[in-house]
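All chains are identified by letter, namely A, B, C, D, E and F, in their written order; residue positions are counted from 1 within each chain.
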Amino acid sequence: MTLIAFILLAVLATVGYVLNRQAAAAITADGTRLHSLKHFHGLFSLLSVLVPVLVLLCLYLALQTPIINMVTMASLPDGVLDGMGDGAQQLVLAEIRSVSQGRVFGTPEDWKIIAAERMVALYQYADIAMVTMVIILSSVILVLTRRRVTAEFRARQAAETIIHGFMIACSTVAILTTIGIILALAFEAIRFFEMVPFTDFLFGVNWEPQIPIREDQIAAEGAFGWLPVIVGTAVVATIAMLLATPIGLLTAIYLNEFAPRGLRAVVKPVLEILAGVPTVVYGFFAILVVAPALRGAGADLGIGISPNTALAAGGVMGIMLIPFISSFADDALSAVPRALRDGSLAIGATRGETMLKVQFPAAIPGIVGGVLLAVSRAIGETMIVVMAAGLMANLTINPLDSVTTVTVQIVTLLIGDTAFDNPKTLAAFALGLMLFILTLGINVLALRIVRKYREIYD
Amino acid sequence: MVDTTQMGTPPRKTSLTHSSAQVARRKRKDVVLQGFGIAAILIAFSVLFILVASLVRTGYTAFVQTHVTLEVFVDPGEISEEGLPRGGFRDVLTAALLENLPEADPDEDARAVRNILSNGAQFDLRDRVVADPSLIGQTITLTAPVSDPFDQLNKGGVNRETPEDQRRVNNQEVAWFDTLAEAGLISTPFNIGLFTHADSRFPELAGLKGAIVGSFWALLTCFVISFPIGIGAAIYLEEFAPRNRMSDFIEVNINNLAAVPSVVFGLLALAVFLNWFGLPRSAPFVGGMTLALMTMPTIIIATRAALKAVPPSIREAALGVGASKQQVVFGHVLPLAMPGILTGTIIGLAQALGETAPLLLIGMNAFITSAASSPFDASTALPTQIFIWADSPERGFVSRTSAAILVLLGFLVTMNAIAIYLRNKFERRW
Amino acid sequence: MNDMRLTERNMTDQKIKMQARGVDVFYGDTQAIKTVDVDIQDKTVTAFIGPSGCGKSTFLRCLNRMNDTIDVCRVTGDIRLDEEDIYDPRVDPVQLRAKVGMVFQKPNPFPKSIYDNVAYGPRIHGLATNKAELDEIVEKSLRRAAIWDEAKDRLDQPGTGLSGGQQQRLCIARAVATNPEVLLMDEPCSALDPIATAQVEELIDELRERFSVVIVTHSMQQAARVSQKTAFFHLGELVEFGETSQIFTNPQDTRTESYITGRIG
Amino acid sequence: MNDMRLTERNMTDQKIKMQARGVDVFYGDTQAIKTVDVDIQDKTVTAFIGPSGCGKSTFLRCLNRMNDTIDVCRVTGDIRLDEEDIYDPRVDPVQLRAKVGMVFQKPNPFPKSIYDNVAYGPRIHGLATNKAELDEIVEKSLRRAAIWDEAKDRLDQPGTGLSGGQQQRLCIARAVATNPEVLLMDEPCSALDPIATAQVEELIDELRERFSVVIVTHSMQQAARVSQKTAFFHLGELVEFGETSQIFTNPQDTRTESYITGRIG
Amino acid sequence: MENKEHIVSSFDRDLEGIQAMIMKMGGLVETAIAEATAALENRDEDLAFKVRKGDKAIDELEERVNEEAARILAQRQPAAGDLRTVLTVFRLSASLERIGDYAKNMAKRAGVVMQMQQINGAAAGLRRMSRQVELMLRDVLDAYIQRDVDLAADVRERDLEVDQMYSALFREYLTFMMEDPRNITACMHLHFMAKNIERMGDHVTTIAEQVIYLSTGDYPDEDREKGDRSSYDPGNGEV
Amino acid sequence: MENKEHIVSSFDRDLEGIQAMIMKMGGLVETAIAEATAALENRDEDLAFKVRKGDKAIDELEERVNEEAARILAQRQPAAGDLRTVLTVFRLSASLERIGDYAKNMAKRAGVVMQMQQINGAAAGLRRMSRQVELMLRDVLDAYIQRDVDLAADVRERDLEVDQMYSALFREYLTFMMEDPRNITACMHLHFMAKNIERMGDHVTTIAEQVIYLSTGDYPDEDREKGDRSSYDPGNGEV
């Protein structure tokens, strides 16, 4: 039915296009000049039909289910829901829904079957109403737009206005997303901070989120102190950056200035592959190869290395960041005008001198921006640490110890069934909020730098 | 204004062919720098090599599967037409196995012998008989996967030299297996099941179909949402938006979104889509929407870059002959920028395909044994499947994980190759 | 050798095609053009000269409202084309630009075929009702831009494959195809070599027969060669405007004299 | 009015600084320069003129082996600086370029301070042993490039903040600072406005007192103004090479005549 | 100079235009010489008046030629052959204008001489001389338009004869004056006329040299031997 | 024209150089006039010879000035005031060269006249006239170098007097010839000398007009009334 509605809409919009175009063509037949080209008249009709009806259709589809649910629940016989909590009511609804879709497990109560039948009927009504709405609305708009076809009608401006509006709407999605993130995080985090004092969270040195899940226990003192988590994050990120930055930069320098064409043609795509490898793969790589290797090496040297060492997670993360940094640096170096390089070479500088004294300094702002973005990624990187780093929050900076990170905690706290009413779940949002704020700060700084730098040479 | 006094030092009359010590030193520095560069590249390359090599080494075995071929007598005593679904298929199979293992004691070892076969074999047999009840009472040839320990044994994953108590298969089981092998009943064909089966508790039965279908739905949703919105937003911001505080804010916003950790998007989806809007858990549709939010900044940025790369002179030219701004954009700029946009979109989708964390948070790591038939059904996706398998203790899942990774990388390389091809084919030098 | 009357040939007093009065242009808070009055005569080449950054291009782009596309740019004052105020809110800049064509510093053909380059304007303005008419317009425009002979056998090849000078003439053909009344050219030869420059100058001289041409140029010799009227801009002001012959032999303002004789302006 | 001897002043026969014999240049398979012989005299301005794409820049870049940085470019033949073959495998292009400086079409100051721009060359070549010496070299170079007065109060400000013409003179100062013997300039004024062009031309005339200058230019008037020797290139060949005065009044080759008189070359 | 056309066709038109003006001037001047001589011989006052009036046109033409040449120089920056063409035009127009002036002066003096007693045979010598110069002028203009170096060289040679004729006339007129003082005034005028024609010849020679320069890029050698320079006429060929 | 300097200082040097050459020419010509007159008055054959030799320098200077002016035109594309400066130089040098030629011719004739019987009082008139022209030349050169329009206008006025002096001399010499036919040859020469000086005055006037054009960009009105134009001398002020 939904499909039919969409197809009908498409057909009617096309009809509108054809009708208006023909009408416009008819005007030109006697030599009258149109203000706008024929096809703009058509386009105007097409858009006039398409945009409002499409928006309505989407709204309808989005609201249909909640409303039907509400109606179904409201029409249940009195008393059946008495004494049920929120969760239990949801379960009832889910069961009714299953029944309405023909999946019957066991023997549901009769009222549930009746409700299910009502639900099916409601859906049928809704579908018919939807199709009717599409037909009527589209036809009305169609007639209205058809009437507007005259020689003077500025169909181009009218059509362009609609497109313009659509594009503005698109660009607000980005803002909505950010607002959504902030609202979602802040909302849940506030609920968390109602349960756990903010200062405890910020300055606490113990992170033991498993403790308070026992029913009767209030959040234990100090169990939600994020310091060990953030320190662990910092340790992992630092290891990653220490590995990635020099290798990435040297790679970029070599590729940009010294590499023979053939080599560059091979290395660049390969690095791109490295950058395109999903982080879950790196995580698997860490537990499959790197951690055992490290442990083996440690054993050989007589050093005890924990299985979830920060070194493994950080090291693999560093490898993941190499292509990120090298491609950023390569871009920044390439953005330095060739004229500068020629200028330096023409003075009698060697290629190395040119690179180190002219091109690299000129590209530094861009590179710094790139490195900062890499830091932000290192902090926010999830899968590698989820798979390779530990779960225990140790307040340590020893890279050979097991540490945990913000992202690890978020994921472990939220995997599995989640109820939004206990501090364990909500703590993840508090961590998420901190993570967001932290990376936001770094990103904004990095983007500022990069953008300033771009302006120099654009 | 030229002063006539000489420079501080008189012009050095040096020969071009004679290198002074100073020049030699400068050249050495050059060489050292290059050496560092090559070393850096070598490191990156060797890591990549190790990564791929270890994946291939552990993963290639998952592309074949050890099967055993048995002559099964569908014993009407065990299986009757009336009670078909609940028939004693397992016993029939066990009997068939015992037939081939004379040294095994039909009573004592029945349980152990039965374990040679995968748990899925009985369902295979059931499906065949249900489809064709006339088979009851006949002897049919059945090829079924062996269970994981024997699969490993066959592929060399189990070292026969290790002491028996540290092996997953004891000596007797090894002997049985060898007997079967000698009888020519063991085969290792290509593991079609890897692509046609959904997830399973049993490694030898577990396949990627559910994950691939889930990823497909998620990506489709992601594309349908992010592509038009991303392009619309990019065009507006690049070509139409007045340069003011607001557009600056949006720009910073988008760039920031591109760098926001993916797990945060997971949190967003969890709180908003699941908790507030009550959309179904584990649904690829929700995953797709989440991925769309993540991909959109990438598409917007790539589109803007592609639009920017179109020289302003083209715009001026079209404006100069009296085209409206939208005619300029949609008639000239956008077509020229399309290769760049498509490249960016494909790369964005490739990233989305590999994205794991947000999908974990919305529950796409559920254990689901059937492929989703619509984007609203619960499902896993390729990366989350990898995560699940990587977490599973069974030895057989290690190679399956690697295989799944290789499959995923295969998709990614394909997509990236398409992107690179597009970029090279349509790249324009202005 | 009484006096030098440069390009005096064929000069007649033409009717005024465009008229600017008290035009101010601001980029944000900085004023780029200060109360400029200029008359552009019909069938006449008017040259704008002046040091870099004096506002020549800015003013030129006011004449077909190309400045509208720059956000921070604000134009006040009165500019009329055939007595009609082109900044009237009812005026559609898109249609204005069909009447006041423009050619840019760097040749900028669309990456389409030569034919489509020229046909683009007529198409969007609906000037041709069928292919034959369009063909005719394209040929006429290419002929007028003196590039028909070079282009006629390769109409379906991309315009970007032409040489620089040919590209610039193609751009002129494209501008001419919408049948404009005024042709604005912003340093049309500065990206060309001497041969191509000579060809374009030759063309400008021919275009004068049908259009009113306004050309911004850095080369004073070029201004002297191709124009009949010259306007000298300095720091956003119109310092002097008059017959080219007079500006170049006997300028009234000492700043003009300083500039054209190569003293520091 | 017997004859016109352009820029005949102060002309004496100088010794030959650079000598090219039978130079061929290939870009991949296409030949860009065909058997060119040229003598560059000391303390003389030599101009290379010719239509676009005739190989002027290519040949110029052979003189300090800047072509080495282009992979596909291959140079054969014999080019000597003070009798020494600069393409000898033992020759270090790095040292060669310190002796044969170059100035480019678009001013390209490093994004560093004015001081550092000029000090860059002396530093890498170790021309100064201490700060005082370096200061002296910087000042002298800036003076020679006639930009000291404009720059002396802002030596620590970035070179990119200067105007176009100032930037070009800064680039000349930078090239001069390594004490080169020959200065190559590839269309050094084509990105500049007339005022800045005049300033650079003035400077070139002064540089001639100490250096051998080779300049590629599209402007024949510029060649006539600043050079004493002119080489006319056409389709990769050196068509004519001689005294500027003679090339511009009485060229021997009809192709030269065609080109400089504005007939189709 | 090649015969190819300039890319900028208006440059070709300019050059052609200016040379056409020179030819027109040349035509006017030729006529002026012929008519001035005729006026004297036929004692035709109207013709003399016409010549005097006609000089105005020549003067204006010179003015225009010079303006135009200066314009071309400033506007087109001619080089090589084109430059020579333009520079030559300056010289040619000046010479033609001077010849025109001399013709006008002859016409004036003819007007005066008519009023006086006729001196037998005096006019015949003048006529021969003027005829010679007129032919030289015609030839040199042909040489100019055809860039004919040989013809121009020939014209240069023929100026010797004019100089010799002048010397002869100078002596003849002195004799007349001494014979009869009443002839003095008339002879003075006749003498001035002969001097004028001699100067015309010199100017034609200058034109011939310009033609040679124009075609070859070099001036002819100064080997032409001067005509009979009698001590009686120190001014021959110089003023 | 402004006094600011050109950016390209060699352009300034060019312009200054060419004007310096004009001044040098002017100086040589002044001297030539003075010495030619002195030679006649003092019957100083050596001085006359020196003047005749000296003209070569003037001719060469004119040649160089013209070459240089053409070079500047082609190379610098002068405009406005600079263009006028260069174009004026062509005119000035031509006029000065002509004056020099006349002086040389005077010196030659002086050499011839010396050999003949002296005519009392004949030289005095010539000397006054030549003195007048010499002063006019000096003033007009001052006016040129200082761009002094008033002084130039004054010089133009003074040419009237020269024309009147010439008319007076013309009549005087006729009288001498009629009185004594033996004087005829000498008087012819004297007459030519007077005519020469008159022409010099005309050329000085041309220079004055150029100076006015140079400074104002316009030529003076043609309101200057011609000097006494007796029917006896139809050539006055024209050849």
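Here, a residue touches a chain if its C-beta (ideal position, glycine included) is under 8 Å from a C-beta of that chain, and two chains touch if they have at least 3 such contacts.
What you are looking at is a predicted structure, and each value in this text was computed from that prediction instead of being measured.
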Counting hops between chains that touch, how far apart are chain B and chain E?
2
What chains touch chain D and also chain F?
C, E
Where centres are the averaged C-alpha coordinates, which chain has the largest centre distance to chain C?
B
In terms of CA centroids, furthest away from chain F sits chain B
Chain B to chain C: how many Å between their CA centres?
58
Chain E-chain F separation of Cα centroids, rounded to whole Å
22
Round to the nearest whole Å and give the separation of the Cα centres of chain A and chain D.
55
Which whole number of Å gives the spacing of the CA centres of chain A and chain B?
18
Find every residue in chain F that makes contact with two or more other chains and list them.
6-8, 70, 74, 76-79, 83, 87, 90
Where chain C touches two or more other chains simultaneously, the residues are 1-4, 124, 195, 198, 220-221, 224, 248, 262, 264
Multi-chain contacts only, two chains or more: what residues does chain A have there?
350, 353
Going by the touch definition at the top, which pairs of chains touch each other?
A-B, A-C, A-D, B-C, B-D, C-D, C-E, C-F, D-E, D-F, E-F
Quick check on the complex: what are the chain F residues that touch chain C?
1-2, 4-8, 11, 76-84, 87, 90-91, 213, 217-219
Partner chain A, residues of chain B touching it in the complex:
26-27, 29-30, 33-34, 36-41, 43-45, 47-48, 50-51, 54-55, 58, 228-233, 235-237, 240-241, 249-250, 252-257, 259-268, 270-272, 275, 278, 293, 296-297, 300, 324-326, 347, 350-351, 353-357, 360-361, 365, 383-384, 386-387, 390, 398, 401-402, 405, 408-409, 412-413, 416, 420
Under the touch definition given earlier, write down the residues of chain A that touch chain B in their complex.
66, 156, 160, 163-164, 166-171, 173-175, 177-178, 180-181, 184-185, 187-188, 246-251, 253-255, 258-259, 267, 269-274, 276-285, 287-289, 319, 322-323, 326, 350-353, 355-356, 373, 376-377, 379-383, 386-387, 407, 410-411, 414-415, 418, 420, 428-429, 432, 435-436, 439-440, 443-444, 446-447
If we count contacts the way the header does, which residues on chain D are in touch with chain F in the complex?
1-8, 195, 198-199, 201-202, 205, 221, 224-225, 248
Please name which positions on chain D make contact with chain B in the complex.
81, 84, 86, 88, 90-92, 94-96, 99, 124-128, 133, 136-137, 140, 143-144, 146, 148, 179, 181, 206-207, 209-210
